[in-house]
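Given below, in the form of structure tokens, are the structures.
In the two complexes that follow, chain A is the common piece, with chain B as its partner first and chain C second.
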Partner chain A sequence: MDSTEISSPEVTDLGGAFERHLALSVVPPRWKEWKRKHWDHYRELPMPRPREQSWRFASRIDFDPGGITLPSLAEVESSFPEIVGQSDLVREQAGRLVFVDNHLADRTELPAELVEKGVVFQPLLEAMERDPDLVERYLFQESTNLGSEKFHALHNAYTEGGYLLHVPDNVEVDLPFVVHHWHAMAGAGVFPHILVVAGRNSRLSVVDVQQSWQPDREGFICAVGNVFAADGARVFRKTIQNFNPRAVSFQLDTNNVERDTTVRSINLNLGSRRARFENEVRINGSGADVKLYSLTVAKDHQEFDQRTLQIHNAPHATSDLLYKNALLDESRTIFSGLIKVAEEAQETDAYQTNRNLLLNEQAQANSLPGLEIEANDVKCSHGATTSQLDPEELFYFLQRGIPRRVAQQLMVFGFFEEVIEQFDHEELEENLRALIREQFSGDVLAQPTPGAHAEPEETPAS
Partner chain B sequence: MSQLEIRNLSASIEGQEILKNLSLAVPKGEVHALMGPNGTGKSTLAKVLAGHEDYEVTGGSVLLDGEEILGKEPDEIAHAGLFLAFQYPLEIPGVSIANFIRAALQSRLAEGEKLDAPAYYKRLHEKMDLLQIDRKFSSRALNEGFSGGEKKRCEILQMSMLEPSYCVMDETDSGLDIDALKVVANGVNLMRGPDRGILVITHYQRLLDYIVPDKVHVMYDGRIVRTGDSELAKELESRGYDWVREELAGSPA
Partner chain C sequence: MSDTDTQTIDIDRERGNFRYEVDYEYDAGTGLSEETIDYIANAKGEDEWITNFRKKALRVFNKLPLPTHWASRDLESIIFDKIRYYLSQGQMPSRSWDEVPDEVKETFERLGIPEQERKFLAGVEAQFDSEAAYSNMKEALRKEGVIFVGSSEGLKEHPEIFRKFFGKVIPTNDNKFAALNSAVFSGGSFIYVPPGVKVSQPLQAYFRINAESFGQFERTLIIADEGSEVTYMEGCTAPRFETSTLHSAVVELVALKGAKLQYITVQNWSDNVFNLVTKRGWAEEDAEVKWIDCNIGSRLTMKYPGVVLKGKRARGEVISIALANDGQHQDTGAKMVHQADETTSNIVSKSISVGEGRATYRGLVNMPDHLSGCKNNTECDALLINTNSRTDTYPAINVQGNGNSVQHEASVSKVSAEQIFYMRQRGLSEGEAMSLAVNGFVNDLVREFPMEYSVELKRLIDMEMEGSVG
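Moving on to the complex of A and B:
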């Protein structure tokens, strides 16, 4: 590279990080070739600029993803016992994988019954050894159309940590598959790869938990999640992003949805200094029923940037998106969503709603809803609302002795409850409420108030 | 010392003076009524006492058991023992009555101390029964879609749960039907006692038939112009405020 590239904030491969990574990588030779191809692609692609439509309202990219390092197994291994011990958000599960800075730290055995039925729930590297055909059919088949192509290419160049979940045709699994993706070391690049393949008429749910081990270590996390739901499949995906406030994170998801499928995805976004989330759904078969939910608590100076695309290529399908953001302090959120209905996708029902709750005047919620409809017989709507904690409402709370932060917390739980209930898993819901509650204590910008720990959960009236 | 004492209080909003050198004291153990024509500044007084940030206090002081509360934050004033039953209670979407009151009680506990949930619900239900509020209401969003009377009853429910030392009730009787009025008056009377001072703002003698006040104050144009016993309220009921106005016109303020 020439010297002007080095002085720019967009430098790539500072000091040959990628070459070192490739030399140390244990993936099969074929995969190494893919890596190099993706790396070259990454270098060719321009760094996105805030004035581009797909980056509108996003703040300037102030990090250099080319300079990251991938910690070696030897560097992170000693943290495994502690981290695995903390990987307990969901205890009732069909199986669990724990990754730490791209390395597999722990796994549970799948119940024999599921193994017999052909269920695969494995780290990618292993799956590649055992069933290369299956992996190759789905791995790296997707990109993003929502603006982060360059980061997607970077992910593809580096990713090794990640898993394949494959539930074969007609197999139904009640309990969720749980995967923890941890960011542990300072300055680590983490590239979780999530590959969910649901066979015809299968049923599964999967929980991805993304966290930082330490509260103050920087990190660059770029996750890619690809769901393939075959005819009649029922897929429920739940993702929790709770990295520390110094991390920068990307989550680039696609969902390929075929005939008569039921696909749900829920995201809870709490962490990262800035977090970009791209979520694309492609409905390729009629009768599909898709619901996309997201909940975000933004505080301090966090920036959450959400871009969504609902593509209807087949008739008689429904997609319904509801993204809710609660903003505190001087945080920012961006929601940009597009519904695209192709000419042949008659009788489509497609909805898109972004609701923002502004709990501080300094917070900023941006909303860019959009529709592109080529079919003539459709029901589509999009809407964005922003409500505020009215000063008179706040005065009411305060007059009862309830401090500002607790008032905000109560409002947020009220705002979120209709979506939290959708998680449809009591233990997870309780743990998520606890995670959300934590967002309201020990804040940098919060005024310290005694007894600021209300219990918003309700016990049933007798 | 054991009183809510308002001394020479002046306050304005948007440059307009509403409270004009107002003085009033409600000792513990007593119930006082505050009456006066519309727009005279009764709700303004209530909100200034509670520390509402929109009002600018231009003079005077407000002592709660001898302690100055002017200039404190509304939640500090609440913790100091002042409760305001709102004339127009706000609707709080998504926050249930039970969780709201619970958070209010929790905020009065020391750091690390936890509210005993079963005991809390037991007490809440007792008070709801007393005020004839359906227990199912406890999980409803606070005041959301409530009728006027339900909102007022809910204010008294909060008041009786929080057991404040001083209560300022701003037109709690308006919007209540006769039966509800009796129920609410009964709830308030049960709270009367040597450890509590109550200031009842009202337009109607009707409420004062049930909650018999120790003193009645007449407020006019931002200050107290008359103070008497419960007979004064009856006089107002039959004669209106014109005679007050006339008397004032005759004597310089």
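Moving on to the complex of A and C:
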């Protein structure tokens, strides 16, 4: 295992690291009080244990979130030009922010037309100065109910690098807002805070890209994303997580969904030694339409732990979840999803699908799909499947002269395509396919298959 | 459906709702301690190893916490000190109906046991509180070497057969209630079917709780030797008391190479019974274990029949129907633990929640990494009748290995307004239409039950639905 593994999962206080952070922090005094409160809360909460339902199947906590450092601006500044140069996953954009280890490294000016319409797309610190009322209405209003309360509190105590995106009522923005959150220094704690506030009948899309600058530096990243979609809003949120394989990452998201909204959230998960993703959707208004997609490609000893909650509190709403995982090597995935339909939420349509593709015998997929239904006039279902590549399909390819290795690649990428095309952005989709292919480099699918005799060595058609 | 569906329904369970004053010869009093165990051991005249087994189990029971971190908090309302752990009128069951005490006879008469006897069923055992009151088996089966006795008798008379598997499928420390059963078990059936013997008629048992505040802890162990086949059916009832009653059984099934074992339960407990049962089977090479389970009644049922698939090509199946009415929580499910290549398992669960009833499905499917060619299929469907009915589904699926595949599907629905409209248009009353729709929902499972049970089930459902749209 990696050297981030420590013998005791006890929380260390780091000889007053938090106190130092608080002394150096430039946030307003009010915010400092919040920090202190969240820090105390963090210290009170117990470390999650595997026997808890919300941590079932997860491996024990083998990292020490107290052992992080918070690199200063002076320490990371020199890396900015290079990192900003690499922040190019989406070129066509309404605006872009780049954060490196919690510090703002670069920003583009928002088009004047959007500024006039009242669109706010700013680092949190700046937004707090300009429009404290708006920020305070949404900042730290949410927590998680899915098991990582302690890490959420730690996030709240430390976070300063993050942004507020506010699109006012009736404003529609075609191009995506793009934010890069980079982990750069060894042992850094990174706490991206993502606040997306969509006004009535507004429309927006936002892409969060989370990456490591270096391939081998440890890090602890705990991101929190809160979406507030007012009546009739259309929000499309895309998240790419590709930290290096020594990082430990958390993504703790909530979505507050009101009447007649359309909310899409899509996640591509490739990186981290262990990554936990919690996503909670609360449908509070009728007519809402929510779609949640995720694609994970796990390799080596990676562990991806996904916990979702679809809460229907209002009638006539739809939510649909599709989480797909492909597992290589000795990787593990956990999908635990719950649909909760309140007694008032009649005529709910809620679905949940988890598909796991095992590409190696040692890989392990765990599914915990769940339903809790208190209304009676509903259509709810969940489905979970775990299987290998279908030998009959493979036979069909082979019969037509397609080499085994190529056939397997085609089948695997076919499995991903259902989710990738949901990104609904050609440039991004192409870049993501390339990222996924990298995940496969060095894998058995890129090697000649042992035992497959007399098959020509060909490069796969791409 | 509109304004009528908030009406609640009361199931007719009156058939079992009666009790008799019985003078018990043995009564271990309330509460549980080492003395209680000594009393039971003494009353039964048990061997020392069994008493030691019980005492060890008691320590495990005291140590284990209630599983309320995932299960219903209603478990906390069981007061273990107020329960009577052993009540009987004598240990050895009567072999002829005439020898059974009159009050007990009358009870079973009302439950229809001699009736079953007249139908030439293979064997019947009836348990009244702690001990079997009546047990009989056809002479032909006895000649073939089939053993069908109570648990105490089994351990005493045939230790060479039963001791080997006793407590092996479900170890004492499996869960708190298995430990409780291991400490105070009494009654239940011990069955052994010799190699190659195919028992064509089902063996039957009836479990009846008659005394208030009583805990029934029967223990059943069925061993189907190589290539044999057997079906076992159990029925359960209890009258309604002021205080709640505890039923906590342990059932262990062993299907050796190529054997087929089928276990059918129809429970119809009154709505103050806590029914907390541990049931598990072992299936060796080419063997098959099938649980068919129907849960009606009780205040809280927690029951997850499981199959450990130990040998190549072994097969496990759980078919279950649960009906939860007002004040009832049916927390049922299935566990399939694959431990050998090419093993297959199938789970089909259907639940109906009526009134304020709550039906929960909890499942476990486990396939570790050294296995190949294993398959599991799970389907669980829930039907909600009233607006305040509730259903939950919590499966856990854990897969590794080569060429293993698992599929799980669950759905929740109600009887559609169109369906009801269609049937009403053709002259059916709303109640009849509802009843037909619900029967249609469970029909493919009901057919898996033996004839008389499926007729009974259909009748119960009919009665329910008449009330639902009053």
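Convention: the second predicted complex is superposed on the first by the 412 of 462 C-alpha atoms of A that agree within 3 Å, B and C clash if a C-alpha of one lies under 4 Å from a C-alpha of the other, contacts with A are read in each partner's own complex, and residues count from 1 in each chain.
As a convention for this text, contacts are C-beta pairs under 8 Å (C-beta built on N, C-alpha and C of every residue); 3 or more make two chains touch, one makes a residue touch a chain.
Since we're looking at a predicted model, the values are computed, not measured.
S.K.: One more residue to check, A:Ala363. First (chain B), second (chain C), both or neither?
M.R.: Only chain C; A:Ala363 stays clear of chain B.
S.K.: Would you check which partner chain A:Arg433 touches, where first means chain B only, second means chain C only, and both and neither mean what they say?
M.R.: neither
S.K.: Check the residue A:Lys32 against both partner chains and state whether it touches chain B (first), chain C (second), both, or neither.
M.R.: In the superposition, A:Lys32 touches no partner, neither chain B nor chain C.
S.K.: If you stack the two complexes on chain A, which partner ends up touching A:Arg43: first (chain B), second (chain C), both, or neither?
M.R.: neither
S.K.: After the superposition on A, what does A:Gln53 contact: first (chain B), second (chain C), both or neither?
M.R.: The second partner, chain C, only.
S.K.: For A:Arg217, using the defined touch cut-off, is the partner it touches chain B, chain C, both, or neither? Pick first, second, both or neither.
M.R.: After superposing on A, A:Arg217 lies clear of both chain B and chain C.
S.K.: Just which bits of chain A does chain B share with chain C as contact spots?
M.R.: 391
S.K.: So in the complex, which bits of chain B are touching chain A?
M.R.: Touch residues, chain B against chain A: 50-53, 73-75, 77-79, 83-84, 86, 89-90, 92-96, 98-104, 106-111, 113-115, 117, 121, 125, 135-136, 138-139, 141, 158, 162.
S.K.: Residue numbers of chain C touching chain A in their complex, please.
M.R.: 5, 69-70, 369, 372, 382, 384-414
S.K.: Taking the complex as given, what residues does chain A use to touch chain B?
M.R.: Chain A residues touching chain B: 390-393, 395-404, 406-407, 410-411, 413-415, 417, 449-462.
S.K.: In their shared complex, at which residues does chain A touch chain C?
M.R.: Residue positions touching the partner: 51-53, 56-57, 343, 346, 356, 358, 361-388, 391.
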